[in-house]
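Got some structures for you, see below.
Both of the next two complexes hold subunit A, though its partner changes from subunit B to subunit C.
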Partner chain A sequence: MLSQILYALPFLAEGFAVTLWVSLLVVVLSLVAGVLLGVGLVYGPAPLRWVVRIFSDTIRGIPILVLMFFVYYGLPAVGVHLQSFWAAVLALTLFKTAQVVEYVRGAVASIPKGQSEAAMAIGLTFRQRLTSVIFPQAFRRFLPPWINGVTDAVKGSALVSLLGITDLMQAINQVIGRTYEAMPLYILGALIYFAVNYALSYASRRLEQRFAFIRD
Partner chain B sequence: MATSSNNSPALLDIAEVSKSFGSVAVLRSVSLQVAKGEVVTIIGPSGSGKTTLLRCVNFLESYDSGSIRIDGKEVGFRPGPARNSGTRQRRSERDLAAMRAETGMVFQSFNLFPHLTAAGNIMLGLTKVRRKSSSEARSIAEHWLGRVGLAHKADSLPAELSGGQQQRVGIARAVAMEPKILLLDEITSALDPELVGEVLAVVKSLAEDGMTMVMVTHEMAFARDASSRIVFMADGGVSAVGPPKEILAAETTNERLRTFLARFRASHF
Partner chain C sequence: MGYTLNFNLIWRHFDKLWGGLLLSLELAVISIAIGIVIGLVLAVWYVSAGRVVRAIIAAYVEFIRNVPLILLVYLVFYGVPTVIDLAYSAPTSFVLTLSVYSGAYLVEVFRSGLEAVPRGQLDAGKAIGLTPWQRLIHVRLPTMLRITLPALSNTFISLFKDTSIASVISVPELTYGAQWINFNTFRIVEVYLVTTAMYLVTGYTLLFALRLVERRFRTAR
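Showing the complex of A and B:
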């Protein structure tokens, strides 16, 4: 049994690399899109706020799996053909973006109005107010839910296996298909996912402590 | 100190400014001129529009009609095309920021940036708006912290300072930008009584240096001692203007003012 698993390790490592790559893409893309849309939701003109509101509420109301199948199997009907990998990344990114929008909105809205006013009063432009006054304070409130979301993204990336992408999950299933060693391999898989997410949570706690000096 | 600004062009010229929140008129055709070096104190019952007027001067609040000019330049709006006179356009975000940098404001609730030290609070505008190097900004910050008696607190965070100390940093942050005019919005109202004196002493010394100031306050004794003129506002309009002795005289003929002062004396002395 052990030798079979050892023999499969390089294959599992390749799957793990795909899992990390998908997670990284989704986390980074959703962070950029989510911050932009989140700021739009708080400060933007009314039409932009409506669009973001509808986007966020709709996406968050749909199971990720449905979203993924919709992007991969549904969009070709309107002429959009994506490779399974990119369809999966797009679907997961849309889902994650809708969450990041809410984290950003909550964090930014929690900063008292007086902070913006004081920043205006010394002549800072909108962008300077965001980068020098609002974001540094909002960051501490944004971080905990966002890190939670990152660990969700790593776990949720296992869904890409359902589009036939060989990530860690799919690699494990394939090895089980050859070896019939379901129990040890699922335990191994669980340990790997756990290790990644535990490391993320630990890093998050350290970061939060670093920013703890900012009063609430 | 000048008690009237009729013969010199006003540094701050508020002309017939009106503003409503929905159906409630908060400012009714308010006009007020402030000359360079003047200290003008606005008093009046709550809801009379004092703070709103102050916030219009640096355009934290917009107004519906009238104009507010500093050094002849309209604060929040630029005139519409000549053939379409009477229309006005809100200034761009960049323009507004530049205009606001010409006025300093000190807030009732201090509004220091909690993630920056005392010096950092003062340096932010100097580096980002005035484009000074951080070493130059630091030395300006230290100079002003010294002026408000907090040289030793340069590297303290706001949370480590008392209310009076925080407000003195707030004043230093505003004056370090070398504004043409300083706006003080009930800056001692959130302070414990024993901390009020240290903040007012700073304001007094700025007044002696010739800083032009418009302040809203409930500190009548301070208003009497430090002001060139006192403006009494009621129901969104200017009800009385004059030198402190005249306005705070018990025998004033202005009914509203007499009632206000009588109530004020009853509750504060």
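Showing the complex of A and C:
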């Protein structure tokens, strides 16, 4: 049993690399898109706010799996052909973006109104108020939940195994298909996911403590 | 583009989606009910227990919360029967998994709720001569439930959406029904549009109902 698992380790490591790569892409892409849309949701004109609100509420209202199948099978049907890897990344990014939008909205909303009024009173322009007053403070409220949410991206990435992408989850299933050692391999896989995510949520808790001083 | 929407085949096989939705709800309700029992018992135990018990409960919570649900579903359905001489159907296996999974999330919700119950209420209970058991049933738990209702609603909705993972072990719930229609009729865009609408309507109806319950019980704070 042990020798079979040791034999499979390099293969599992490759799968793990795919898991990390998918997670990293999703986290970075959704951060950019989510911050842009989130700022649009708070400060944008009414039509933009409605579009972002509907986007976010719809995406967060359905299971990731449904969104993933919709993107993966739906795009080719309407003539858009993406590699399955990128279709999976796109679907997970859409889902994560909706979450980031809400973190941004919550962080900006948590800054007391007096802050932007004071900034207005000393004659800062709208742009200056955002970059010098609101964003630096909102950033500290945004960071802990966002890092904690990165664990969702890592866990969500396991769903790409259903689209035939050999991530850690799929690698484990394939090794089990050859060796029939289901239990030890699933436990090994669980421990790997656990190690990554526990480190992330630990970092999130530490940051939250560090930034606790701005709690009002 | 050139894709023409045609919902006829979806309506012809609509029973797959409708029956699927009912099964999704059933899976969610049973799992959440068991999860609530696990969550309540462990949370009450946690706040009054010594170090060792606390560490064990915390390990359960942290382990479940940091592992993908799909892996847990595989582990229970394909893994556990290889080491224990047990046979169970896919739906039972999924309910088992989602119960243990929801229990871990609910322990956290209930635990933070219990710790938020004002100290004065417990002292008041003691002052009027309630036994520890009476204080738990009549003072701590009701107050805790009020405090945790908003967090509970979000957890319930999230668990309802998680039932879609049951499709990976061929439990014929809503997502499985959608896939079946996808592969058998190729009306791909239509079937996922209808499925999305069904999840949204069900999810937001649940949320709305739970918000009403929250408002009803908001008084004491």
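As a convention for this text, the second predicted complex is superposed on the first by the 214 of 216 C-alpha atoms of A that agree within 3 Å, B and C clash if a C-alpha of one lies under 4 Å from a C-alpha of the other, contacts with A are read in each partner's own complex, and residues count from 1 in each chain.
Note that a contact is a pair of C-beta atoms (placed from the backbone, for glycine too) under 8 Å apart; a residue touches a chain by one contact, two chains touch by 3 or more.
Small disclaimer: the values here were computed from a predicted structure and weren't measured.
Of the two partner chains placed by superposition, only subunit B is touched by A:136; subunit C is not. Shared-chain residue A:151: touches subunit C; no touch with subunit B.
When the two structures are aligned on the shared chain, A:126 is found in touch with subunit B, with no touch to subunit C. The partner of subunit A that touches more of its residues, comparing subunit B with subunit C, is C. When the shared chain is aligned, subunit C comes close enough to touch A:193, but subunit B does not.
Once chain A of one complex is fitted onto chain A of the other, the partner contacts of A:77 are limited to subunit C, with no touch recorded for subunit B.
Of the two partner chains placed by superposition, only subunit B is touched by A:114; subunit C is not. Interface residues of subunit A facing subunit B in the complex, by the touch rule stated above, are 112, 114-115, 117-126, 128, 132-133, 136-137, 213-215. Note for the complex: subunit A touches subunit C at residues 58, 61-63, 65-66, 69-70, 73-74, 77-79, 151, 154-159, 161-162, 169, 172-173, 176, 180, 182-183, 186-187, 189-190, 193-194, 197-198, 201.
Only residues 1-3, 62-63, 65-72, 74-75, 78-80, 82-83, 161-165, 167-168, 175, 178-179, 182, 186, 188-189, 192, 195-196, 199-200, 203-204 of subunit C touch subunit A when the two sit together in their complex. Listed in rising order, the residues of subunit B touching subunit A in the complex are 58, 60, 93-94, 97-98, 100-105, 107, 109, 111-115, 124-125, 128-129, 157-159, 173-174, 177.
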